[in-house]
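Can you read through this structure? Questions will come right after.
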Amino acid sequence: MNPEDRKTKQLPKVGIYGLTSCAGDQLTIVNCEDQILDIFGSAEISSFLMAKSDNTEGEIDVAIVEGSVSSKGDLEMLEDIRKRSKVLIALGNCACNGGPQAACVAAEDHKERMKQVYGDVKWSLPDPIDAKPLSAYVKVDMQITGCPIDKWEFLRALGRLVKGDGPIPISYPVCVECKYNENECLLFKNEMCLGPITLAGCNSVCINHNIPCFGCRGAVIEANVAGEAEMLVNMKHPQFPDRKNFDYQDVKNRAMMYGGNTMAELLDKAKVKGAKK
Amino acid sequence: MKEIKVEHLARVEGHGAITVEVDGRKVKDVKFEVLEGPRLFETITLGKTPAENLSVVPRICAICTLSHRYASLRGLEKCLDIKIPEKTHWMRELMLAGEAIESHSLHVYLLALPDLLGYPNAVAMVTKYADSVVQGLTLKKFGNSIMELCSARATHGENPIIGGFGKFPTNEKLYAIADQAKTLIPYAEGVIDILGNMQYPTFFEKETVFACCNPPDNQYGLVSDEIILSDGKKFSCEDYTKITNERVVPHSFAKRSLYKNSPFSVGSLARVNNLGDRLQERAGDAYEKYKNARWKKNPVYNNLAQAIELLYALEQVPVYVEKLVELKDPPIVKPKRQSGKGTGAVEAPRGTLYHSYEVKDGRMAKVDIITPTAQNYEDIEKYLRLAAEYMVSEGRKDDDVRFQLEVIARAYDPCISCSAHLVKLVRK
Amino acid sequence: MIDNSCIAGDRSNPFLPEMMRIVRRFDLTSDVRFFQVRPTEASRALTLYYKPGTFMMVSNPGVGEAPLSISSTPSRPGLIEFCVRNVGHVTNSLFRMKENDEIGIRGPYGNGFPIETLKGRDLIIVMGGLGAAPLRSLLLYALDNRDDFGEIYLLHGAKNPHEMLFRKEFYDMMERDDLHCMLSVDKDDTGKWPAKVGLVTSLFKEIKHIDPKTTHAAICGPPVMYRFVLQELLKLKIPKHQILMNLERRMKCGVGKCGHCVVREVYTCLDGPVFSYWDVLNMKELIY
Amino acid sequence: MRILKLKKKDLKKFLESISSFGELWAPVKKGNRWAFQPTAPDNIDLDAGRTILPLKKFMVPQKFTMFKYNKEGYTPELSNIPSRIVFGAHPCDIAGLNILDKLFTENFPDPYYIERRKKTAIIGLSCLPDEFCFCNETGTDTVEEGFDLFLSETGTDFYLVWIGSSLGDDLMRMAENLFSEDIAFEDIQKFTNWKKERAKKFKVNIDLTGMPSIFELSLNSKIWDKIGERCLACGSCSMVCPTCNCYDVKDTVELRECKGERNRCWDSCTLHEYSLVAGGHNFRANRSDRLRLWYTHKLESFIGAYGKPSCVGCGRCLVTCPVDINAYTLAKTLREEEVFFK
């Protein structure tokens, strides 16, 4: 690290954008009440529609994009951002995995669902399309996932990014943090916990509150989805004869709720006994 | 013919745009558009368990996450015939107060004040209005800390579950919250004075109808099974469609509501207009001090109403805490049945929110969610049109028109992402 | 045991890096850069001691720490040299650093080459790619103490000329008559390569003046290299325990605590990184 | 070693009188399990079973800061380590600490471990096995060292108290009048009877003799693939194991300034990145390879190096692994040549 270097160098240009989402990840940034001035001081935030009006849309160093691509408009915006940014970061579950709006991808045809919800309408707006994560369309350099993102993970990542280093991605499942927090494992209390296949980073907040993990951070690298499903649906644990099994469809529903496209693929590959095709 | 366009409405949640078609000095059309892709939440949970539904529906909107959760819980618990214990009830009230504090302070200090004081954003205000910015951030953080305490995290916390809470906070933590609430009351009073003494433009004023929940026992509040309108009519929340009957317009993924064929408003201003007389203590005083007939016709007063509610919520926190610390943590109530129907209504910061469900054999069979912004849509467009027509006829500059329209739209605090998820009843 | 002043860092806290200054840096290839560093107090530089084949943990504050082999020789005290390939966070951040910037260093760690045992022996040093980093230390050490060793063969292979580390330095060594310096490239796309073209294994036929019983071989290179080079060395009848290899594992501490480099009961950082082929055969998981 | 008597009814008084040494931590019920938590002497569960996390959390916390750094360099964070009394440590857990002692205090002693070990008074307490304990098989059902005081049940109204260290002696002297030295013959008898009764209560039969050769022989066994398929790589087993000590190191940096922390946190060999090196080569890309490392390390390697397994028979992996992979099922599977995991 060279302190002189930092003084003479211009602050990196960062743009924060949102596609289709609940805006929870951007909100989480706004929620960094104690750090917000540092955020604005460590980088030149050239665009952040949710927090400021004087936005400029030129070349930037780091683009942070929330939300999934759910309309042609989203897609155009994303492609434009990609073109003018050196590093593109997918922020939050929607951007990384498609988000809840991608939960039904495999289930039904998108047009059919649009009709169910809105009836027969001819749209004058950019065409709605099936929700997909950013990586389905453009190169994504890094992912910071979560529904919503963890504020500390984001700040750690941003701290490294503005100094020119890539964030250190998390590569372990929620169970690790759950054990850090010395929780009793909910799988032995007959809860359908997705901790073993879900990317950590939330400090196992749900399990700390006796709530099973819903997988809101998406799949961990090398998630043994087949093993998890097999365990939840079929496996008897000789040490715990009372442990109950779940219906495959319920397991699948839960896994896909936030795991979106990624989880859908993993589940398709897993051949779980008792899975109805 | 030319168009005046606000392409990306800044400092709101999600993506909105305003288009004004102008022909000479005449406004041909005004459109308030939602550009965000549709998320089809109501089809996502069909066939899934109520627990899954509860987890995912708050993801409709990050700012109103707990309102969604609360409304969903009320709907689902009716379906499953669950009566919740007292402590659970007060915890839920507390979490809603936390959300109101967070959302209102964010909106009042960080989104609306820069407009009214003429700054592009709150950070830019720091040089001259550092106090306001710091107070806003402090209040917002406090709101977040309540949400975190009750729901496990500031946004999309999973702690409130069907039949109770995964874990109740300790009394120590509750007392700390109550104490802090008391110290923040002067902030809220300060901002009420700033907003109450401000001059607001009058040229788009027009009376409208207001709707909100009607809490029992003549109390002010945010939760009820009854809806009250400013014309004096009352409805059960189960009959919400009579008020909201929605329609879809081609230029927006959000759906819109009309009451008796004309637009109406929900939100802080609606609540303060309909129920303001019930406000007690300092919030009551503030209401009396600034009460004014123009509140019924000028949406920009919404910010003042929010500030009054901010004060109200701060005053409620110690009240709820007093009740909570006396009660023992109850176990989670199990469902009495696996099939049933029910609608839950709560007042989200932006207005009445309905979650209407049908559960069959433990799986979601019908989901209908009506968000506040969807109900406000027609009214927002109405006021935008009034303002545009006046300003264009006066020959004001485009930038001027653009700015004023943005101010009106933002005053409503439209949670555009949430309206985009808005979907009609799915009948199979 | 080496006393405190000889190591970079602090004996009482083996994790504590000592700040050192980058004195010089230049590119060896397109993705490997050479760094010379010395302690911030120049006088301390002369007290540092290490063995060829050992490594140090190099830190860039705020980025992380990475093990790097020492490329310099203790016989030329004063500066410590590293070759760094830009592959990840720490290495990438080192590439952004300039002369006079400071980095944290602790070490040396590892067993290093058994230089006492090697005295009086013939040496075959086979390097490929970044394997040149630790073996250059041994080579320079042997050349500086030339009388202690018998015949010395250097076999250095690279994919093509501009990927050969220290090509100028080694090319100059071809002139020496106390060293058999053999350099080869798999392919010469410059058309100007003055030495051999072919696989590094093709150089073995030129090894003549050795007595396998008293010859030690030291190899380090990319995983694919090992299999073929080992075959050649066995053909030369070099005993398995005299074939030394420099192995690599993920490491977080360098001092046998973090567990990452463990293979069975062996810690690569304490018991290695130099292993004999015999060790490797007995420990099936050491190389893949 | 000096052995004294302490009346059971005086235990609370004793713990109160040593409170000036540091905060008292003892097993407290957490759901259906236990956890070491700060607690008042009144709330201690003397019949507590195994805690979710073992004693290692006191010596190498889940996460802690090793250094703070700024432009000038690194400053070790050793000054705010609290003094604590840990009461109710079971013999297997203390045996686990003894193994960690070897690792962290020999060869480049780890100052963070040593400082915490010094500042933590360990008061052991004998226990009865539940259906998952097998410390009798690993030779850790009694411990001779590693504690400051050890209280053993006798089946009567007093504990026998072993003084294991000079700190233990100091603690005892803080309430010397509560202890007595006159141990009668029948006291000894009662104690040995209690021990016999205890020995009968073990239910897990796990045969660890000859494990090193068994591992060597089954290095390429198909069993590992089966286990790998089943393992969820959740890391729980190594998090709860008293002798697992792998850790990861991560730096953090502040947004605006050049300063931050170097932090250490528990890692696990069952996780994907464990042996991954820059450039993408993963020495243990398969779960089966990683689990083999885990269990060779527990049941084989340590025997090779120190003559006994590094498994202390606490039964934590038995009650933690959601898919029933643990020291017991593993040893059984390998030995009986039968595919335990269908």
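First chain written, first letter: the chains are A, B, C and D, and each begins at residue 1.
Here, contacts are C-beta pairs under 8 Å (C-beta built on N, C-alpha and C of every residue); 3 or more make two chains touch, one makes a residue touch a chain.
Just so it is clear, the structure is predicted and the values come from calculations on it, not from any experiment.
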Shortest walk length in steps over touching chains, subunit B through to subunit D: 2
Chains linked by the largest number of contacting C-beta pairs: A-B
Centre-of-Cα separation between subunit D and subunit A, whole angstrom: 36
Centre distance in Å when subunit B and subunit C are each reduced to the mean of their C-alpha atoms: 65
Subunit A-subunit B separation of Cα centroids, rounded to whole Å: 26
Subunit C and subunit D, separation of their C-alpha mean positions in angstrom: 39
Interface hub residues of subunit B, defined as touching at least two other chains: none
Sites on subunit A at which at least two other chains make contact: 1, 159-160, 163, 168, 210
Shared interface positions of subunit D, touching two or more other chains: 250, 252-253, 258, 260
Set of all touching chain pairs, with the criterion as stated earlier: A-B, A-C, A-D, C-D
In the complex with subunit B, residue positions of subunit A that touch it: 18-28, 30-31, 33-34, 36-37, 40, 49-55, 67-71, 73-74, 99-101, 103-104, 108, 113-114, 116-119, 121-126, 128-129, 131, 147-148, 151, 202, 205-206, 208-211, 214, 216, 249-250, 253-254, 257
Subunit A-touching residues of subunit D, taken from the complex the two chains share: 30-33, 35, 51-53, 57, 62-63, 71, 132, 229-236, 239-240, 250, 252-256, 258, 260, 265-266, 268, 271-273, 287, 318-320, 322-324
Contact set on subunit A toward subunit C in their complex: 1-2, 5, 159-160, 163-166, 168
Residue ranges of subunit C in contact with subunit D within the complex: 12-19, 59, 61-66, 87-88, 91, 102, 104, 223, 248-250, 252-253, 255-260, 262-265, 270, 284-285, 288
Contact set on subunit C toward subunit A in their complex: 60-64, 89, 92-93, 96-98, 101-102
